[in-house]
């Protein structure tokens, strides 16, 4: 209810502030008998972690996941999987400059108004640091969904857009550049642009596209829990996300039915995929395709006018090591959340027929 | 779990197929003591119902909501509110032409694959007829949230776009035209276009914009249940929706942080509202603004190639009385779902502090 | 949350007051493809309904269940099953004598205090009339659990106790007498006693025993959702229930471990069954055995002192047609709730291993 | 769903095996602004911990709770409270004697059957060690419910029964003896009996009574979530519990209505309290009184016949440091679970009226 759990049958609950001792979580409902590849989990963590390249924040965190339960002799036991991730870089600093200041377009103001107090060290609970727990849990979900392939990549940074459809792309290129854009040329432009933005002490937004292939038909539920509704909620729950669309998306709103309808092939596949792999909220076996819009990071290394708790106007300037563009580090988070959505429907689907 | 409930503290569960005897629902958790205005509920139903204007389906349904419990002497009692809505126009017709045929971009194929059988009369459960229950429940939620004003309107039909910001619009114009666009001139163009599209036996998509004003600060929860994540899920659960964005939305992904950040006024309000009234997943007291993209209706009054259950290619043509554009009738549904999201957070927020 | 839903994967939500127009419910999550035997459902309703024998209330209700959705061509479709049961005998009577009076050991006082108002006609929502919906849903659950046999019977009425263990009983005798006690001799004594109590305008309590055989190993979950914890909650949610015990129950608390432990046979069955078919919250394949204590009905056909809303002492006397002992009619309710508990775990268990 | 969470608005999720590195949990939904008394939490832990007296297991655990989040500057922040409790005494021992053996009346057999594998070191997840997390969370719930007083005590051990009603007892005596029985004389007998049983390598069951005073009217929900149904589920979820009754309990089933009804005083209190403080599932302001039956501990320091995974008959003998009677250590667990039930209803009740 209070917002720190995700999923039903495969349920992740997380805790932790960015500058507390540790963050962590519990996965309840992971089926027993899954062989867990810990290296693979850590590899996913490394894709998200700070300091991985020159265009992301240089905060120092190893983001090592320590599992405390639920895995025994290399396999899940069906009991809850508890894990913690140390906050290595949380040494008690001086936060007096932000303690009473509401940073623009952060959650400082709303948390204070809602709760009456807040952990003002860094972003506290509202920091994207919590997404590390999502990646850890998502990595396990991915291992459970072995046959399903989830691939996200950067499709735009500011006005620089990847012009190719994913069918034309070599997805193996994604991890070869720090922007995680599968088109090397576009990736270079994006990287240069992010560096330029950073040199201005500014930040920039971008879009992540995600393609999920080899999805069985039948995942998703009717009416309120349509597959794309849960995917949308999952993506919109990631820090800085402003929009979600799947299949034809907003462009579909400009089309005619005679253009938009996906005609069937005799095997049940469709000739086009404006539906984005989902019909009536249920996967139809085609690729699931969606896009997620991220706003520019709110922390600038520039002077900004703002107010403090007393309602006085003050000037502030972000310190420290922030991301000029969240998109490259958001890729594994988008994938993790997609995996968490799918795994829940995958398990639920086992109960849909007698 | 199986997708037919929405909300936690104020929880709507619905049932019903488009061509069964009735549809209906149960609202559990509506606080006691609310004076219920039944006429106002019916007025919301009338905004959604078929046959209301020349540009919507002419199916005949009075959509009268019959309440069976939970309201006594004009007030809610705290016990569940059960209601039914008769399907007046479901007289047993001949459905043999669609019984074994998978209509393109409908849920026929996925329901059959998932469940092994389906109610093939009309869309069954996947028909947008179920949204009548959402409107009924949303109307009660609206009455509970009396001070909050939720207003949706058509912002585009096909390529015809409302160019004005909502601050420039006279929202009282919305209900004066059948398209529900607050700009009379644009509304006329949209109406003409819809009629033209209909005359072709075709359909067209569109976008609904929704503005929620007078929202208290503090609605929403951190991390997974951010206010905009639930709003997104709510909107994406409506039939034919392909995308959701709030505040700056997809356009925000092209901006710089120095342009995008919403600077504070001393009273906690902000000078701009790229945040769309939500920071860190929690309402900040500014207007909540979001947009919802609807695809063109899949049922065409044109011949289309498709397949049947046996995987044979067949030709089909939609019969009957379908909407050429769902957007005008989707307006009250968008509002209802927004109300259902807000009411849940409104109640939950009563528990956020000691 | 507000108490009108039961179950997770197979979820029943009910509505309705005893003297409103109808009661009803929605079952969400019933797997598709189940052949529904409507006569069997009605047979269960008839076991619970008023007027079935000389020792129960003579209120006139046919308790006919009308299904509105979710069943098509005789089979479940996977969509929600909506149903209503008319309140035939609710013709507007004069309730002025109880409108402002708090009947002793009823819920009048607590409902009024909690909600500020209540439907004072009969018991409203707190009437056991709502259990009709449980029996309807339980009957479907039973059909889904075809191989599992759930049998409840009266084991005591007042001080008259069935002295035999269920292994010694002929369970086919249960439905042959109005008390539903499988031992004819004890049944006669119970029936005579209930008639005597009724002639005094008084009521009496009793105990129901339930035996569930042919249960697969593995139903139930660890820690908080142990099978017996959910069974206990289910039984305690039935009107007038004061206690629940399973296996050795309260008597087990007087035993030594060396007496109580159930030693294994080589096939995994146990030589004794003090565990009541459940070890560590999970079914072990032995018979599940539990007992449920019902208090005497609170409505007496005697004068009682009580208070009214104004806190004034008043005298009242129950009118109408009440049960002198709830136990005979509670038998199908106990079975229905057991079925609802088991069906949920049965479905959940499909997700417990990869 | 998978059984490791308890509560809705104040939701505890736990993890951990008895012989893993640590156990722990997350509390989600604790209101912000609560001043947390860490010493008081530890005091509750100490009441449950092993080694506290001569009549409990001598396993060495400090049971120190380490909070990782959600508390800042001494107060809750509204964000999830994560905590861990180290398993100090889990040093890798030789478990080969129980690895493949199913101990009688333990969960070894059912876990293995359900999950296909299990952590065979000690009881793993089925060990009562997990209740330490319940006590930690319950201690916070108690602090939130400051005005409500929850007091549990031993009311029987084997056949030795406390003969006095709680009104006659000096509850301050409870913590003065290791059995936690408020009558010193009975406590001495119980203590002597437990020692005797232990000297036989045997174990014995007992009953815990719990009295909750100063409860506001209105806690609890109708129909399925009656206050006593949740209390029952909470108690039955504690290891070794076989029965639950409240108010008149099983004895009430032998009574007549004219004896059992609780007549009102003009202030709404009742002259008797057979209802156990609950009418229609909702607290009525009187003391809530219930009893919980615990079976004898299954681990004996005696030879027992049993089977192994291969279905072969083997002989085994419990080693180590087990409790001869769980009741004295169960007292704080009963209280903790009661607090967790009440806190959820307490928060929910804030939403019951407009």
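Which chain is which? They are A, B, C and D, in the order written, and residues in each are numbered from 1.
Heads up, the rule we're going with is that contacts are C-beta pairs under 8 Å (C-beta built on N, C-alpha and C of every residue); 3 or more make two chains touch, one makes a residue touch a chain.
Nothing here was measured: the structure is a model prediction, and the numbers come from that model.
Novice: Using C-alpha centroids, which chain lies at the maximum separation from chain C?
Specialist: A
Novice: Tally the contacting C-beta pairs at the A-D interface and at the C-D interface, and name the larger one.
Specialist: Looking at contacts between chains, C-D has the larger number.
Novice: Cα centroid separation between chain A and chain D, in whole Å?
Specialist: Inter-chain centre distance comes to 39 Å.
Novice: If you average the CA atoms of chain C and of chain D, how far apart do the two points sit, in angstrom?
Specialist: Centre-to-centre distance between chain C and chain D: 26 Å.
Novice: Mind pulling the chain D residues that touch 2 or more other chains?
Specialist: Touching at least two other chains: 1-5, 8-9, 14, 29, 32-33, 78-79, 111, 114-116, 125, 222, 348, 352-353.
Novice: Quick check: in the complex, which residue numbers of chain D touch chain C?
Specialist: Residues in contact with chain C: 1-6, 8-9, 14, 102, 104-107, 109-111, 113-116, 125-126, 130, 156, 158-159, 197, 202-207, 217-218, 220-226, 228-230, 232-234, 236-237, 242-250, 252-268, 270, 274-276, 279-284, 293-300, 302, 304-307, 311-313, 348-349, 352-353.
Novice: Can you name the residues of chain D that touch chain B in the complex?
Specialist: Result: residues 8-9, 29, 31-34, 78-79, 144, 222, 347-348, 350-354 of chain D touch chain B.
Novice: If you look only at chain A, which of its residues touch chain D in the complex?
Specialist: 1-5, 8-9, 11, 13-17, 20-26, 28-29, 32-33, 68-70, 72-73, 75, 77-82, 84, 111, 114-119, 124-125
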